[in-house]
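Here come two complexes built around subunit A, the first alongside subunit B, the second alongside subunit C.
Our next item is the complex of A and B:
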């Protein structure tokens, strides 16, 4: 029942937001500021995660395919699993954990300090003022961050294959190049775009719903990151079926 | 640089106080049971809901590779290995950090802001042993438990995708799975997630316990918990994977 109730509230939130956007487009300056903040602040964390995703894909791929006698499948496996699935999902998960929780807790703090009510009193639509720049900012940067994560993942896998496992880097690169197509990269960027929309809308929604006091802020942040993670992974499966199924 | 070293030192001391609280028996066992129950219930649905679609995706993509070589029967051991060794530990721990760790950080942060932790100290009760230790230990125990359930969920996801949707034979799927998956993989997975649980438990309680600056400070503690625990356990994952699976490739 509680789930249905929040789903209904989320629908109302979306309708209100759509109306606010239709009435007046958000200012470009605010969008760029959010894009800069989300993109640049999340970049170090994202790159570190992408390195370790790449190393582990290479290790596990080499291990799994060594049993089957297919050493040179590592490149294919890393390219497929990394480019198509792991890099977009992990990039989205990290942005949700870093930028999404920040959005939720900032808006929740504004809610409990009655700054959002103050905006309404001044006849500024809080959805237009707070949500729209965050949504458009994240939509602008997440596809680019996804591509960066893909390249760092592949680079880290290459390093593990050559330096740690002592296999041929040329074979790895040839396999990877034969597997990854421009369409794969484009699909991953589309995935990043869709994940960005979910991260921004859901995180802001939970921020607006925050209850009273410090617990309210903590709970809103917590609910935002969990809901976003589950939604991103489920959407990822649906998009993969549409693109590759 | 000095700031980072000081922070690492503080985290180390905090870990020592948790261990001390456990060893001296000052950690209330009833609190441990309560928090363990809470965290498992809170994280169960998210963990199952995240690993299941990952199993489906692995089956979807893996089948494309194996169909090129006509080796479809290898699909189920491949999915099981990917889920048990890597995806379930990483995704389950991510969700435990996002749900369990962050809610513990939020609870402890709110207690700190409302001066409940100071009140505990004033009553001559060791606040780390009383408030932080049961939560941290609960995460150490909960993480491997949830991971095993996540493995089951992921393999079922692979089954649904491969057998129901792609039409592979069910008998081959299960037979190859039992043939080629070893208990060693599962033990490695459990050991990994125990370490991840310790990382999440330590960092979430540390950031929550040291929250300051009102309601915004609680939000920041939750944010720091999620980001840093995921970052640290993913780095630890590389080392553990290298130790368990890295040597035997040649």
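Our next item is the complex of A and C:
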């Protein structure tokens, strides 16, 4: 019942947001500021996670294929799992953890401190002022971060294959290059874009729905990150079905 | 109680407004007219419906029944464009100032100008901000961060922001709440100064009867969602209404002993 109520509120939120965007386009300066902030703040943690996802993909791929006698397939495995699935999801997860929680908590604090009411009274639509720059900023930056995560994952896998496992780096790269096409990169960017939309809208929505007091802020942030995480992995599966059948 | 229709034309009208939250009726058929150029205070105990009344008045909450008229236009079900046009003529001081923590004092005060008066050149914008900060007793505070301000200073900055677009109406939500008596007195003097300087309509929501008597021309009292008294301040303080008398006695009388047999009579 509560899920249906939240879904209904979210639908209203989307309609109101669509109307606000149609009435007045958001300021380019505010969008770029958000994109810069999201990108710079999320970059270090994203790089660290991408490195270790790459190292572990290479290790597990090498172990699995060694049993089948196909060590040369590590490049193919990392390219398929890393590029198509892991990199877009970890980039989204890191942005959700850093930028998404920040969006939810900032807006929730503004809600309980009457700053959103103040915007309304000053004849400024809060959805236009608070959500639009965050949404467009994240949409601008997440596809780029996804591509970056892909290359860092591949690089880390290559390093493990060459330096730790003592296998041929050239074979790894040739296998990876043969597996990853331009379409794969484009699909990953589309995933990044879709995840960005989900992260921004869901996080802002829960911020706006925050109840009173510090407890309300905590609950809103928690609900945002849990919902975004579930939504991203579900959407990732659906998009993979559409792209790769 | 009887409907009060002041001689001065009203800028804001609530006509038979009812607002419920679930089973609880917070405003019960309230009719109120706020006359132009006068200061009207609505007082009442906590939970009487004062804050809800203010939110209904500016369209932050929609009434379940009744009509809200701003500047002669029915805005009860008005689309956003119409409501926003009316709100540009209104400034509001929130309880805690509702200032944006990520902006400086100057940026907060300039916020309405940046949103609605982009025609103003930088120098004119800055001049207006400096002027309003001076009016509220905070000259040169433009570059200060919000986090460095005291409670009283936050209210002053909030007031500077509320008047920067030169509105026709300023709403005050509990201007004295959370302040010590000395700072509270200073805020009352500031409201009086603004009243003299601007000559516009003020609507004050408060539970502080001392400050109310000092600044208001008209006083209304809300009790359990109903308007139980409304009239000129001088008449209000002499009201024979037992609820008003009880509220005034608690707020105006010097403290009495808990064992005083006269208390509560």
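Methods note: the second predicted complex is superposed on the first by the 245 of 245 C-alpha atoms of A that agree within 3 Å, B and C clash if a C-alpha of one lies under 4 Å from a C-alpha of the other, contacts with A are read in each partner's own complex, and residues count from 1 in each chain.
Heads up, the rule we're going with is that a contact is a pair of C-beta atoms (placed from the backbone, for glycine too) under 8 Å apart; a residue touches a chain by one contact, two chains touch by 3 or more.
Small disclaimer: the values here were computed from a predicted structure and weren't measured.
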Subunit A as common anchor, with subunit B and subunit C clashing or fitting: fit
First, second, both or neither for A:40, with subunit B first and subunit C second: neither
Which partner, subunit B or subunit C, touches more subunit A residues: B
Touching partner for A:144 - first (subunit B), second (subunit C), both, neither: neither
Which superposed partner A:183 touches (first subunit B, second subunit C, both, neither): neither
Which of subunit B and subunit C A:28 touches, first, second, both or neither: neither
Subunit B versus subunit C as contact partner of A:14, first or second or both or neither: neither
Arrangement angle, subunit B at one end, subunit C at the other, subunit A at the vertex (C-alpha, nearest 10°): 100
First, second, both or neither for A:219, with subunit B first and subunit C second: first
Subunit B and subunit C, minimum CA distance [Å, superposed model]: 11
Doubly contacted subunit A residues - partners subunit C and subunit B: 113
Partner subunit A, residues of subunit C touching it in the complex: 55, 58-60, 80-81, 84-85, 87-88, 90, 92, 94-96, 98-100, 111-112, 115-116
Touching residues (chain side subunit A, partner subunit B) in the complex: 45, 48-49, 52-53, 55-56, 59-60, 62-64, 66-68, 70, 73, 76-77, 80-81, 84-85, 93-94, 97-98, 101-102, 104-106, 108-109, 112-113, 164-166, 213-219, 221-222, 225-226, 229-230, 233-234, 236-237, 240-241, 244-245
Touching residues on subunit B, where the partner in the complex is subunit A: 46, 49-50, 53-54, 56-58, 60-61, 64-65, 69, 71, 74, 78, 81-82, 85-86, 90-91, 94-95, 98-99, 102-103, 105-107, 109-110, 113-114, 180, 214-223, 226-227, 230-231, 234-235, 237-238, 241-242, 245-246, 248-250
For the subunit A and subunit C complex, residues of the former touching the latter: 19, 23, 110, 113-115, 117-118, 120-125
